[in-house]
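Note that chain A is present in both complexes that follow, paired respectively with chain B and with chain C.
Right, the complex of A and B next:
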């Protein structure tokens, strides 16, 4: 049973890095992850996320808006999440699974009680998705039913979580804490982990296991307990912290754009 | 067990004096768990028991019934499982797909190319090996008293099951490949014999001058496994029970041997050859029909062989819920972990059951360990591990406890 060689994947100490090195490092560590916000003008918040040529996703948020009677909740915000594939127009079960997992996560992280009787519409549109790409690849052998279906499902879910987070920030929706998700591929297993970054002051080497809050994780394949715990409580968390730093540089620019600071006292 | 709530005030207007009479209102647990699940669960947890009257670390009872497939010839295996009050019926049937490799040589070439590339590239080892395994196509139906399109829960369960079976590499592609036999009829004695191109069969053939493969269609045939689930009396999350039922059923699957008739084999081969030689000439419609109609694959129910599963990854799923409660007496054995707050503790609940537990347990862990082949305890591998947080905090200690319990449960289910 091959185990993950964490030496190769070790992340340098974030604090000792020069500020310019961070985006380059993130880009190499996250497979060419790129993101942007406020890309659509006719909605309250939007974001786009690209992972090399493999995945392209747009997330748009409308709300809080007036809810229909059917969806309305008396004391909290209702969520309407829909994930749309790049090729098929109908809803498929893969999207249902992603929607379900996203809902589980977002209802815990959005401050729902801030917006009673209102509705938040969150739409995801895949422009390029790995699961559908593989179906039409010329080089794929016949009769291999989505050979990498599970890992592509995890990749899509990861992209949706991160895109939702950025879009929620862009739409100025109240969140209980910041969060992001990362994927770690081992030789024989794929792991998706979404961490809650509740208290940023713990970002140092003295982080204990007790500080780590896992919002969602899914591991598929074949893996040992030590590998799993190492990924959940050590390597994955470091990777997630790095991504959080990367996102933080984006909020800086968002705040600069959205708020006008004056010198008048 | 009844829960009281001061709810209504009865007002008696007698002159100017208003007399309020506060009456306790009684609800039975079934009503209370709908209107105030948190209250109900708290009341039970304070008594160190759960609404289902099980203790915290107690799983639901399970009964497995592997019935024969005599009653329905289309089913390859059928299992009925009763888990608590929930009944799951799982049936597995197969469909045959044809792979026309010879007719389209470009696909064959690309497939070879693909294999060459991915075999030589160690970084794609994962994908490559996954493509050597087959998924199962589940259809899940949860009885809810009406018909209609599948609900979200059914679709999600089916997709999760599909992902899991494919990614855990349970069913090797080779075990679903059909070894097509041919039935010969002796013209003198009218005795029918079916030959399969196994190594043994070829040795047994008296006349070694002809090759059995010459009589067969060039295309490959494969089984595709489909599983149907009927679920009655849903009481909680269903994934564990569905996965266990599926594994138990797959272990009973016997695939039939498939053969074609000698005459058809001869005809189809002739027609195939002529079609290949005259690609440009317009095909006779009747001829095409002849192939399709007559090349009927016959499944021999009396001659079956067991489905070969990847035994090294078999393990059964279990789900645990986590919930905070006010700390009870210190001598209580069910205390699991001390929390940040001294007055709170997180307890682990096995096999979530009932509306109160389902709505209140946000934090859950779903584990599928791999059972040991031999009885040694050193195997600590998993095929699936999922954490849903957001409710009670799941610490490493709690995870270890859940892992240990899931291994015990998986061993027990294997022994059934």
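Right, the complex of A and C next:
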């Protein structure tokens, strides 16, 4: 599993940390996570996300553009989401499932009413994905699903959510709040949780006065209710908050570069 | 908080950030610009786009707040000055494209100076026009005018003849347009004579005495968006030297 999956979560209490320690902590935790934005010049927004050598993904966004009559919605933005595997042999039902889950999430986070009768085209292209890697493993028997296929689905969905968030920022699409997703691994289960961060004071690296809402959660394996609640409200919450700081601080440095010509008067 | 339009020390916000308390004081009326919206659940202001948070104190009781964000996709707003490409005609209007893959805008035959049914200016397909957005409602087609709304004269609007047009980022075009004392164009004016039309839709048209100078000047303006101010002079020198100027 990649660096993002923390088997042994020893994250300190974030609220008691000094503000200066947060960026350092988040960058050390997400060392294996690399991302870039504006990688495709002819798209309105694009991002790439790499998790160690296990997963590489490109997300591109075009829009808001003129919608076809078939997809047009009279009072809000229509979304056209497609997820493409790097190999055509991969199971397309997995991609369909990711597309459906992404649509459910994104319609809640994008200010759809800002762009009536228009279309937003979001494409995901996997360059390396764990489910495809497992197809070529020598020890896996042919024509049988890999043991890690279910957990790789969670990893792919997590990468798509985070890449979509970065590409939406790059495309300057109106969002109601920040969001991200994290994966928590327990001994016998994997959990994907997507959190919504609202009223977060990232300006001075302070974590006070914010609302955090669970947007989406999916778990695979055997676990008890108390384990799930502990993950949702403790481990996952802390990890998501740190990931949000990580994205915010890196994206702010990107914005500074885009305004480099501005006179400092 | 910044009082000037182009303050690099202004705060950078991302969607959902908590805005500083002093912005939302009850003493002055707040005018919300692009990138700021109200959160109906908590009845507070939130940024909805990433970028620099700009606050302008217009008067003692009026404050304008908006997010200056980098974007490639243009959405027409009322009174924006834009450069469009004529695509054809429909009814008694020209179809004008402001950006690729976006719905076309309408430029009426009669919203050009001295135009009437008997005497009208004929634009060809592919012509460039400098115009003002006169109607920008999200539910209907955007309308353009090549007239100054006060004087009803062309005042620089209309056909952009010859010259060269190129695309830049929207924030860069805004910077060049609104910041009249920017050093990018001031440096260029010391080097050559030029006519320039800056469209808020990220299109810049430039015309100089000859083609080579036009090309050099356009490349300098495009490259200047990725260099800091102190390197502008050397960039100008190198760009013109490449064209033996």
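Basically, the second predicted complex is superposed on the first by the 211 of 265 C-alpha atoms of A that agree within 3 Å, B and C clash if a C-alpha of one lies under 4 Å from a C-alpha of the other, contacts with A are read in each partner's own complex, and residues count from 1 in each chain.
What we mean here is this: a residue touches a chain if its C-beta (ideal position, glycine included) is under 8 Å from a C-beta of that chain, and two chains touch if they have at least 3 such contacts.
Just so it is clear, the structure is predicted and the values come from calculations on it, not from any experiment.
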Note to self: With both complexes superposed on chain A, which partner does A:125 reach: first (chain B), second (chain C), both or neither?
What the structure shows: neither
Next item on the list: Answer with first, second, both or neither: which of chain B and chain C does A:54 touch in the superposed model?
Entry: neither
Margin query: Taking the superposition on A as described, I'd like to know which of chain B and chain C A:255 touches: first, second, both or neither.
Written below: second
Margin query: Looking at A:229, would you say it contacts chain B, chain C, both, or neither? Reply first, second, both or neither.
Written below: first
Note to self: Quick one: is A:86 in contact with chain B, with chain C, with both, or with neither? Answer first, second, both or neither.
What the structure shows: neither
Note to self: Just checking: does A:96 make contact with chain B only, chain C only, both, or neither of them? Give me first, second, both or neither.
What the structure shows: first
Notebook entry, point to check: Which chain A residues are contacted by chain C in one complex and by chain B in the other?
Noted result: 196, 209-210
Notebook entry, point to check: In their complex, what parts of chain A are in touch with chain B?
Noted result: 1, 93-94, 96-97, 100, 104-105, 107-109, 138-151, 153, 185, 187-188, 190, 196, 209-210, 213-226, 228-229, 232-233
Notebook entry, point to check: Can you list the chain B residues touching chain A in their complex?
Noted result: 97, 99, 101, 107, 110-111, 113-115, 117, 125-128, 130-131, 134-135, 152, 155-156, 158-160, 162-164, 166-169, 222, 313, 362, 370, 380-391, 393-396, 399, 403
Notebook entry, point to check: Which part of chain A faces chain C closely enough to touch in the complex?
Noted result: 44-45, 62-66, 111, 115-117, 169, 171-178, 196-203, 209-211, 248, 251-252, 255-256, 258-265
Item checked: Parts of chain C lying in touch with chain A, wherever the complex brings them together -> 4, 6-9, 11-18, 20, 35, 37, 39, 42, 44, 46, 48-52, 68-73, 75, 101-103, 138-139, 169, 171-172, 175, 179, 182-184, 224-229
